[in-house]
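Two complexes are shown next, each including chain A; its partner changes from chain B in the first to chain C in the second.
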Partner chain A sequence: MRRTISLYLRFISIQLRSQMQFRASFWLDVFTTGLLNFSYFVSTYLVLERIGNIAGWSIAELAFLYGMIEVSFGTMDMIFSGFDPDVFSRFIRLGALDQVLLRPVNVLAQIFGSAFVLRRIGRITQGAVVLGFAFAHLGVHWTPLKLLYLPVVMASQVAAMGALFMAGSTLSFWTLQRVEAINVVTYGGVEVMSYPSTIYPRWLRGFFTYLIPFVFMNYYPALFFLDKPDPLGMPGFAPFLAPLAAGLMLFVTLRFWRFGLSRYQSTGT
Partner chain B sequence: MNMRLFFHVLKLAVLQQTTYRTALIAGLVTNFFFGLFRAAVITALYHQQGQINGLTLEGAITYVAIGQAMISFLFLFGSYDLMMTVYNGSIATDLIRPMPLFSLWLAKDFGAALVNLLMRGVLLLFFFGLFYKVALPPRAADWLLTALSLLLGWLVSFAWRFLVNLTSFWTPDARGIGRGAFIFSQLLSGFLIPLRLYPDWFARICHLTPFPAMFNTGMEVYLGAVRGAELWRSLGIQAVWFAALAGACFAMMRAGVRRLVIQGG
Partner chain C sequence: MATIIRVRKLHKQFQVLVRRAGLGGALVNLVKPRYQVVRAVNDVSFDLQAGELVGYLGPNGAGKSTTIKVLTGLLVPTSGEVVIGGLVPWQARERYVRGIGVVFGNRTTLWWDLPVIDSLELLQPMYDIPRERFRSNLAEFTRLLDLEPFLNTPVRSLSLGQRMRADLCAALMHEPALLFLDEPTIGLDVVAKEHIRQFILHINRARGVTVLLTTHDLSDVERLCERVLILDRGQLLYDGSLSSLNHRFESFWTLKVDFEEEYGDVALPGLEPPARTGLQAVYRFDHRSVPSAELIARLLERFRIADLEVRRPPLEETIRRIYQEKLLEREDADKRA
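Right, the complex of A and B next:
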């Protein structure tokens, strides 16, 4: 285990060094990806300047939802770069997975270490800026429980979305292509989670509650942090289901991953 | 410009684009679901209000749905094909072809855009119509004028993307520049949010730029929000923006082609 971790850290440090070779283009990338994502928030902000609120959520409250999920998604997208379905399906097609399987090193550590897209800090930073804006304007009534639970929620979000990345990658054991439909739940999931769940039609809310439990990842925790009532009438412990739901998603995905890997047949390239 | 050559390249581009049918359908699915998510946001924004700044809820949902349908026709997320040919060296062959670089890419782009419009755009709207009521232009003439306006919108979009891609003649970082530049095609064109829903001061800023001519104008024509003389003026503005951007492309190409260093090959 110790050896696996130290190897993983080595893989990452190689990744970072190579990405920092071209300093200027690296920072340009960080800046433009940050700005691109920030423009999505800006457009919502501007509309709310005219309209006031959305489903009873002020712009600062929306900023909380948005900032949380953006920081988590950016972090996940960085850590799980190797499991990005786009990246991993190419990995399979090029036969690179064969090399991975032949080395006497933990497979997961190698794939986690095969990519680490550092420029995602642009997205993380803009999410943090929006989150800072939210905290500055909200006057959250902090309690020790809330302070302790905030990092747990973010870690759960990272794990839950990472699980979907892994599941999407696992599918390419069979398809060999990237399965673009997975974007609907990954990138689409981020979009859905950055707004209050009540705005979505019933069937969509049901999908993101019972099939992919994203409603417990951001919306319910936000109700707890911001002391907002729950119009959907879930039990009172709903805001605290985030780590449980994330753990479950990760568990199921790892099983699926192991099953997929055992069925893997090389592309022969 | 040699029209026969133009149509030949166009035909090749159509064939190339139709080859990747599964990719087209996969893209369609993603665009469609995002359309549903965004329609939910728009519905919540309206919150019982019949109309906002002259745009009805049905109009706004139609606007968003057509925006999703047009992503691949107008390439609203940008395109990076020309700069790739600079970096992999194949632009060297393109430059000695008996066709100006601008028309060559115009034909290629139009071929891909047409396929995307018919296979992704129209299908997406059809499926979207099963979930939401999509407004239709009232008169037959409006259909024609919308088609004209969208065509002009594609031209503006093409010239803008060509211009951004030309930065690759000077810098190896054109991809980063593009990622920054194409933000405007989403934020200021009305794609992210119909321009009428923005505060007036911001909408005014948008209208000083070429970006509303890419998409917002076409939608205003479609929804019948501009009529008569104002309509012709809107179409004129689109044409002027295309001419101005194309002029900038030619000026930049003249300046850049002499100092272009072909890499690789």
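Right, the complex of A and C next:
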């Protein structure tokens, strides 16, 4: 395990080195993506300023929801770069997976190490700025539990969204192409998590509760952090389901991944 | 000698989607796909002894690559037994690949954006190669493969021949007992080919590395291999020495003669009349019944000759004959019966 991790870190450092070869374009890229995402927040902010709130959530509270997901998604997109379905399906088509299988190193560690898009720090920074704005205006009533639970929630968000990336990549063992349907769920899910769940129709909420348990990743934890009542009448432990749900998603995805890989090795595609 | 590769009754089948033509056909494909079973490898058995350098030959689509993919653990066979160095390739993957080296002529195992030396250095922790061994191997292979001039060049900027040399080095840094080479000289010029062949011979002779080489460049095989396996449509047609292959299946040799003067009849008893153009005649003969020395002696007795050239048919031709006539298939069937 220690060996695997140290190899993973070496692969990442190679990735970083080659990405930093062109420093100027790298920072320009970071800056523009950050700015682009931030302008999206600003335009939403301007609209909200007129309306005042959405479903009883103030602008600062909405910024909390949005900022959390932006930071987590950016982080996930960076760590799981190799499992981005677009990237991974190309990886398979180029036969690069064969090279991976010929090396005496854990397959997952190699694919995690095959890409690490550092430019995503633009989006992460943007999310952190929005989150800072939220905290500055909210006056959250911090308790030790809240302080401890916040990083757990963010890690759970990263894991849950990463699981969907991996599931999408696993599908390309069959299709060799990226599958648009899974991207709709991933990116749609990210949108859904950025707003209060109550604004969505019942069926959509049901989908992201029971099939893809995204409501437990951001909405319920936010209710807990901001001391808001739950209008949906879930049990009181609902805000604390994030790590459990994320773990479950990751577990199921890894099983699926293993099955896909064994199928790759028996079809030779 | 110890058996390093043992393959028994290896089968690999694929289900291939039968594509119908046109837009309507594409729609039908989506709704009601029809599959066809392709037997890529069909009942193949062979052994390799440690230290052998064996050529694995066959036309495109014969199942060479599929076999290599099974033997390297990339593919799980439909049925059959493969034991290599005491391990089953597709089980215990990580342990197995430590003991083998693999080079695919058409793609690299190196990191595309990295200088060659950085790629090679990554192998040290990946294969847990002791530092000392790593350094001495690197020095030796750098010298033998002449890597020095491009050690600091990114892999993407290498020529094909340079890349192949770097790949060979990478495949051997961890001192595998067994090396799989899939078309190692494909697309290379004569000089580069020769360089690579010399290196393969060297690591086989000096280091005792067992080599299984697939190629359709038969000059590779003539230069390197004593034993060949010939595959066609998934089946093993021949497994034996190259010399006995030639002896048994070679077609007619030819003897080209330039006479010093015009002769009326130059036919020799027992041979078909030669093809003639001006002062030149070309005889076809079966070297197994008439050795070329005897034929030349007979000609020199009768005629004044300016020049002679004996030509053996190239291996391509011999192998083509085997494919066409399926001589071996019948022979094998007789032997088994």
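Throughout what follows, the second predicted complex is superposed on the first by the 264 of 269 C-alpha atoms of A that agree within 3 Å, B and C clash if a C-alpha of one lies under 4 Å from a C-alpha of the other, contacts with A are read in each partner's own complex, and residues count from 1 in each chain.
FYI, a contact is a pair of C-beta atoms (placed from the backbone, for glycine too) under 8 Å apart; a residue touches a chain by one contact, two chains touch by 3 or more.
Source: prediction; values computed, not measured.
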item: Touching partner for A:Ala24 - first (chain B), second (chain C), both, neither; value: first
item: Chain C versus chain B, contacts on chain A by residue; value: B
item: Which of chain B and chain C A:Ser266 touches, first, second, both or neither; value: second
item: A:Thr143 touches, of chain B and chain C: first, second, both or neither?; value: neither
item: Chain B versus chain C as contact partner of A:Ser13, first or second or both or neither; value: neither
item: Partner chain in contact with A:Leu101 - chain B first, chain C second, else both or neither; value: second
item: Chain B versus chain C as contact partner of A:Ala181, first or second or both or neither; value: first
item: Chain B contact footprint on chain A (complex, rising order); value: 24-25, 28-29, 31-33, 35-36, 39-40, 42-44, 46-47, 49-51, 54-55, 177, 179-181, 183-184, 187-188, 191-192, 195-196, 198-201, 204
item: Of all residues in chain A, those that touch chain C in their complex; value: 3, 6-7, 10, 14, 18, 94-95, 98-99, 101-106, 262, 265-268
item: Partner chain A, residues of chain B touching it in the complex; value: 22-23, 26-27, 29-30, 33-34, 36-38, 40-41, 43-45, 47, 52-53, 172-173, 176-177, 179-180, 183, 186-187, 192-193, 197-199, 202
item: Chain A-facing residues of chain C, complex; value: 12, 14-15, 66, 69, 72-76, 90, 93-95, 97-98, 102, 104, 107, 109, 111, 113-114, 118, 122, 125-128
